[in-house]
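Two complexes follow with subunit A in common, the first pairing it with subunit B and the second with subunit C.
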Partner chain A sequence: MYQILTKQFIRSRSTVIVTLLILTLGIVSVLMGEQFLNKQQRAIDEAAHYQQEHIQQNAQWHADDLGLLLYYLRFTFINSFDPLTALSVGQRDVNSSIQRITIRGLEGQKYDTDLHNPTNLQVGNLDLGFVIIYLFPLLIIAFTYDLLSEEKEGGTWRLVSSQANSPLLYLGYKLSVRVGLVYAVWFLLWVFALLKLPLSLDTNALVFIGLSGLYLAFWLALCAWVVSWQRSSSFNALSLLSVWVVLAVLLPASLNSLLANLYPVPEALSTMVEQRDGYHEKWDVEKEVTMNGFFAEYPQYQKYPLPEEEFSWLWYYAMVHLGDAESRQSSEAMREKIRQREQASRIAAWLIPPLHIQLQFNDLAQSSLDNYLSFLDGTEEFHEKMRLYFYPKIFEEASVGKENWESFTPEYFAEAPEVNWGLALAPLLLFTVGLFLFAILNARKLKAFE
Partner chain B sequence: MLQAINLTKSYGAFTALNNLNLSVQAGDIFCLLGANGAGKSTTINLFLNFIEPTDGQATIDTLDVSQYPKKTKQLVSYIPENLRLYPNLTGLENLEFFCRLGGKRHSNDQLEELLTQSGLQADFIHKRVSHYSKGMRQKVGIALARARQAKVLLLDEPTSGLDPKASNEFSELLLDMKEKGVTTLMATHDLFRAKETGTHIGIMKEGVLIEQFASDEVSFQDLEKIYLQIMHVV
Partner chain C sequence: MLNETSQLIARQFWSSTFRSGVMYPILSLWLLMVAYAAYSGWESYTTHNHIRSHYQQTARESWENNPDKHPHRMAHYGSFAFRLKHPLSMFDFGLESFTGNALFLEAHKQNSVNFSEASFSTGLLRFGEISLAMLLQVILPLIIFFLGFSAVAAEREHETLRMILSQGVSWREVLVGKSLGLTALALLFFLPVVLVTFLLLLFSEGDILATTDGWLRFLGIIISYALFLVITSAITVLISAASKTSKAALVKLLAVWLFLVILLPRTTQALGGYVYPAPSRVEFDASTEEELIQIGDSHNPDDPHFNALKDSLLSVHQVSSVDQLPFNYSGFVMREGERISAEIYNRHLRALHHTYQQQNRFTQLTALINPYVAIKTVSMVLSGTDFTSYRDFQHQAETYRYQLAQTMNELQMELISNRAPAPGEAPYVISRTYWSEFPDFAYEFAPLSTVIRGGGWSWAVLIIWGVVSVRLLSYWAKRVKAV
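And then the complex of A and B:
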């Protein structure tokens, strides 16, 4: 039976074309993911090399002034990536994974992006996550929308009904052939991804694979449910495409717009203004006021003398520090609102499977907004660590030559994603089981004759 | 073998079949004649259990089709007016598919033989059904009935649209099946074919079986006269 049903299905030209198209897109997406990983690795390697070159050159040019040298020196802090990022690029495409920061004011440096971004934005990007989340549902719709209606419209259903011991079981066989082909394509793409990318089959990768498989099951269940209404092919196709548009495009876009309105972030501008003003205004403010603010936070530096009339690095770094300090409240408020948006998105995503799966993929691939915000937190800590290391040396006017500059290699931020299996799987599982049950209940009322 | 007992089917206020009482003995070919909407197809559909009767019973081999749908289905083979098969499959593959759907398995040689016996040209057996004429598809239907070893054939205007040669071939196949003891209930508009092939003839109008008789009791001219009389008078 399976052999004949498979022959019948794959002899259709549209089946072959759609399957090859998805397979090709999947392969292209894996290759683009590989390019992305290579580009990231190249950027990291170059950053490490460039940091050494940059430090050595500047140490030569500013050999007699450590304060001036550290005005220019940039230290690299890298958001380390998992090879899974190749499959779900997420925020890594728009937010930099490499920060090159000076010990001056941090706020203005945090959101600098790398030079690759404009190129990417021009040519667009594609990852396997996109193919699974947005294109596989279209493949499933194309394979299943006329599962029953093609029989009724083609006139074979009456004969099937008169011959089959269980027409419902027959539809089950027919559906399983389509399920088999969908999962065969999915499996081939995973095999290709595992061969092509440096992925290890660890827990994260297995959860990623499992979630993607479950997501396909959700769409199959949804299609089975719509098919079980026993309407025409055009009705089914239109309904399923509408559901796809609503779930994959309309709801996520509307949610984004809603959350942007519910949690507006005017602090994005005010942080920048406060940071800039906080620093620049200090040139016209009494030194004492600036230093009091600085010493309140770092009392350990009160012991360093401050020249009254002339410029000093102690005064300068106190000024830039206060720029950060005065914008801190806005910066934290902005971060908090972004986290609130993210949290609200995650809750709403329980009802929007494509969004849910996208967020889960990004979490597993360490390309989520959460990961980026944590990276920014890590950047703050790194910045503070560098400041606290160099401040006393600058204020003591230590010799540039005595510092072991070669020890300043790039540092890495690493965050192991915490996967909550229950929350990751439960919404999809519930929807899938529920829709299949509804489909079976409807299909029990199968009619041979309208 | 086939029996309709006070069989009635209504759709709201409209009665498609009204209190039909009919009995077809094993090996008989009963032809139901009548204009469109006379209730012929409704009768076939009721015997196929495609629709539920409003009242009465349709039985096959004494089994009520509503109560024993699976058992009665095993006894029946059905050929509609325009037998639709899967165009991507060959005639042989279609036959194999429908046999398996009913739980029967045959070797390819057996299926080829059945198709040949049913009059399908040998060079078409392995061609996709999309290349078949209507007559060829009906022959696959007969081959299916043979393969299933059906005791009952339910035919809904099977020769409609067939050319005279194909129609004649189809009648010969029915007579061949009759010789093997197959019982046939056939809805048709074709008076000539009914007289030629049928052992019994029933004439329906507006859901009622007006007249039934053995086909050898009347000549073709008489049959035509009776038919037209019923259509115009009753």
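And then the complex of A and C:
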């Protein structure tokens, strides 16, 4: 019986076409992910190589003025990536993973974006996450929507139910053949991804895989439930596709515009303006005022007397630092707004499985907005570290030649994502089990002769 | 083509759809979505434009409030360009959320356009955005499929088709009539969108309905979408007629929708990025700087180009050192440096944009088999939210930045002494009246005539699709069978 059902299903032309389509797209998506990783790696290598060249060049040009040299020098700080990023690119393509910053004002530098083709961003990435979140549900819908109705509409149901011991068991067999094929495709794609990408099977990867498997179970349960209503094929196809459109397109998109309108971010612009004004107006106020502000924050530099000349680097770096300090409030307000958005979408995601999975994938792949915000914090620390390292040397007019410039290689930021198994799995598990129970309850009312 | 019988069939299709009871729930849901999309568009447009013009003004006030200063200080003080949204972005967001909005303009340096909506997004944006245009492009076709999938197939299943045909009605009349009826239903859904867009434009501050350009855009949108709906309706009826059962018709239509709207654009765009890789910012900066060093870098004290320039200046003016020149020498050097670096940067930027266009070409080509891509492009162009319009903003901002830097350099050449101030002497400054003399950045939307070329191909394709789908109805009429 099992064999016949399997053969019958696999021989159908539409099954073959749909399966091959998903397999192909899955493979393409892994290759795209690989290309994304390569591109990131290339940019990092380029940045490392370029940094050395850039430092040597400028150290030669400005060999007698350390303050001027550090006006120009840019140091690279990199948000290291997990190979899982290839499977869920998330915000990594929008927000730059490489910062190249001078020790001057940070607020004017740290939000600089990478270059990208906006059309690519709008259309979106073809990563494995997309294939799992969007396309697998469609595969499941295509396999199951007429599980029962095709028998009724084709006139074979009467025959089946009189011959099979239990019609419910027969449907169970039929369903399990389809479940088997869905998970076989899913498994093959994971094998391919594991072979093709430098992934290691650590906790993050396992949670990623587990979540994707559970997400498929959610859609299977949903389809089983709709099938258990025993309506026509057309009705099932339409309702399942409508559910898909609502869950995967309409709700997330509506939520997106809602959040964008609820939490606009004017602070982004005020930060820019305040940073400029805060620094530049220092040129026109008494130097003493600036120096007092600077020494209040860094009393350790009070020992350096302000040189007599009109211009000195001590004064200059104090001015740019105060520009940062004065725009910090706006900058923090901006962060707060972004956090509110983040929080609101996480709460809403509990009720919208595709959204939940997307956010979880991005967390695991370190490609979430949250990861980027932490990277910005890291950048701030890196910036301060570099400043505090060079400040005394500049103020003491140390010699450029004495510094070991070759030791300034790019530095990396790494943040291990906090995996919360329970929170990640709970909503999906709840939905899946609930829907399956409903489906079985409905199916038990199934009568053989209708 | 539209004889009485077709019209009768169309009317009959229209009224039977209404009688079936599905229209009212769908129409109500649709109106709800339209209302929400209109609200989002309005809110986003007014909020952002308010914020942006507010800060544009704030930044300008602090520019003008600067005291007497050295002009080069002002070149570094710089200015901002905050991108204003086109009023029609309320209808179609287009690329708006993915392009930067704020640009700091200063001497020597072309900054990146920062703070796109996408950079603040939690990942939600990946699921798309609800706009009036999106509803028309993505959701309305689904509704048309739903209303029309059984248009012919159900008549065939119930064997009423044979009856109709045996009464002397031609196949062509049936197909044209059904398509006409379905198009009419589609237009009924389109009507509230047209009305609400008109109201949004009427009450928005942009006031584009006072200009011919605005009206042309609005009319262009109406005509293009109407054409798109005709095409979608005709395809629906064709597929319905070519299917044995309505179930088969529905499944085919849904598959077509998924393939054309979700799968194909993403795949071709990914392919474009794969075939034509674009440089990252690091690579871009490195190659620009490399060329700058080759041609002439004013920050290099021993640059050959600038040394040669100095020698020729000295000999032309017959002086022995630069402080004897009749103008400020460092102003002159910076003017030359700015000219060279801007020229190199612009050339590299053009090359980058060319790469982007190549990446997009795959998707553009598929417009031939995908009317969704054609309407999407046309709609963005008409709404001023396509890439050409964005580039125009970038171009205007860069032109302004260049003028600002060069004006300050020229003021320095003219008004600042060539001799360095003695120790204890106050630094050289010029009057603050020069600041307010230099105009503020004022972004002007590119007129339709300059951006329309960006959508030329898609326009042509859309019209071809219109003609072909109507012709197909007649062609099909000779081939399909009644049973």
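We take it that the second predicted complex is superposed on the first by the 433 of 450 C-alpha atoms of A that agree within 3 Å, B and C clash if a C-alpha of one lies under 4 Å from a C-alpha of the other, contacts with A are read in each partner's own complex, and residues count from 1 in each chain.
Definition applied: a residue touches a chain if its C-beta (ideal position, glycine included) is under 8 Å from a C-beta of that chain, and two chains touch if they have at least 3 such contacts.
Remember, it's a predicted structure, so these values are computed and weren't measured experimentally.
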Subunit C versus subunit B, contacts on subunit A by residue: C
Touch test for A:Cys223: subunit B only (first), subunit C only (second), both, or neither? neither
So, A:Tyr170: does it touch subunit B (first), subunit C (second), both, or neither? first
Once the structures are superposed on A, label A:Ala205 by its partner contacts, choosing first (subunit B), second (subunit C), both or neither. neither
For A:Lys7, using the defined touch cut-off, is the partner it touches subunit B, subunit C, both, or neither? Pick first, second, both or neither. first
First (subunit B), second (subunit C), both or neither: which does A:Leu259 touch? second
Touch check for A:Leu238: first (subunit B), second (subunit C), both, or neither? second
Taking the superposition as given, does A:Gly155 touch the first partner, subunit B, the second, subunit C, both, or neither? first
Under the contact rule defined above, give the subunit A residues that sit at the interface with subunit B and also at the interface with subunit C. none
Under the touch definition given earlier, write down the residues of subunit C that touch subunit A in their complex. 33, 36, 40, 43-44, 47-48, 51-52, 54-55, 58-59, 62, 66-67, 69, 73, 76-78, 80, 82, 94-95, 97-100, 102, 104, 111-130, 134, 138-139, 142, 146, 149-150, 246-247, 250-251, 254, 258, 262-263, 265-267, 269-270, 272-274, 277-286, 289, 293, 299-302, 352, 355-356, 359-360, 363, 387, 390, 421, 423, 427
Taking the touch rule as given, give the residues of subunit A at its contact with subunit B in the complex, in rising order. 1, 4-5, 7-8, 11-12, 154-156, 158-165, 170, 447-449
If we count contacts the way the header does, which residues on subunit A are in touch with subunit C in the complex? 25, 28, 32, 35, 39, 42-43, 46-47, 50, 54, 57, 61, 72, 90-91, 94-96, 98, 100, 108, 111-126, 130, 134-135, 138, 146, 153, 232-234, 237-238, 241, 245, 248-250, 252-261, 264-266, 268-270, 272-273, 276-277, 280, 283-284, 308-310, 337-338, 341-342, 345-346, 354-355, 358-359, 362, 368-369
For the subunit B and subunit A complex, residues of the former touching the latter: 45, 48, 50-51, 70, 73-74, 76-78, 80, 82-89, 93, 96-98, 100-103, 141, 144, 148, 154
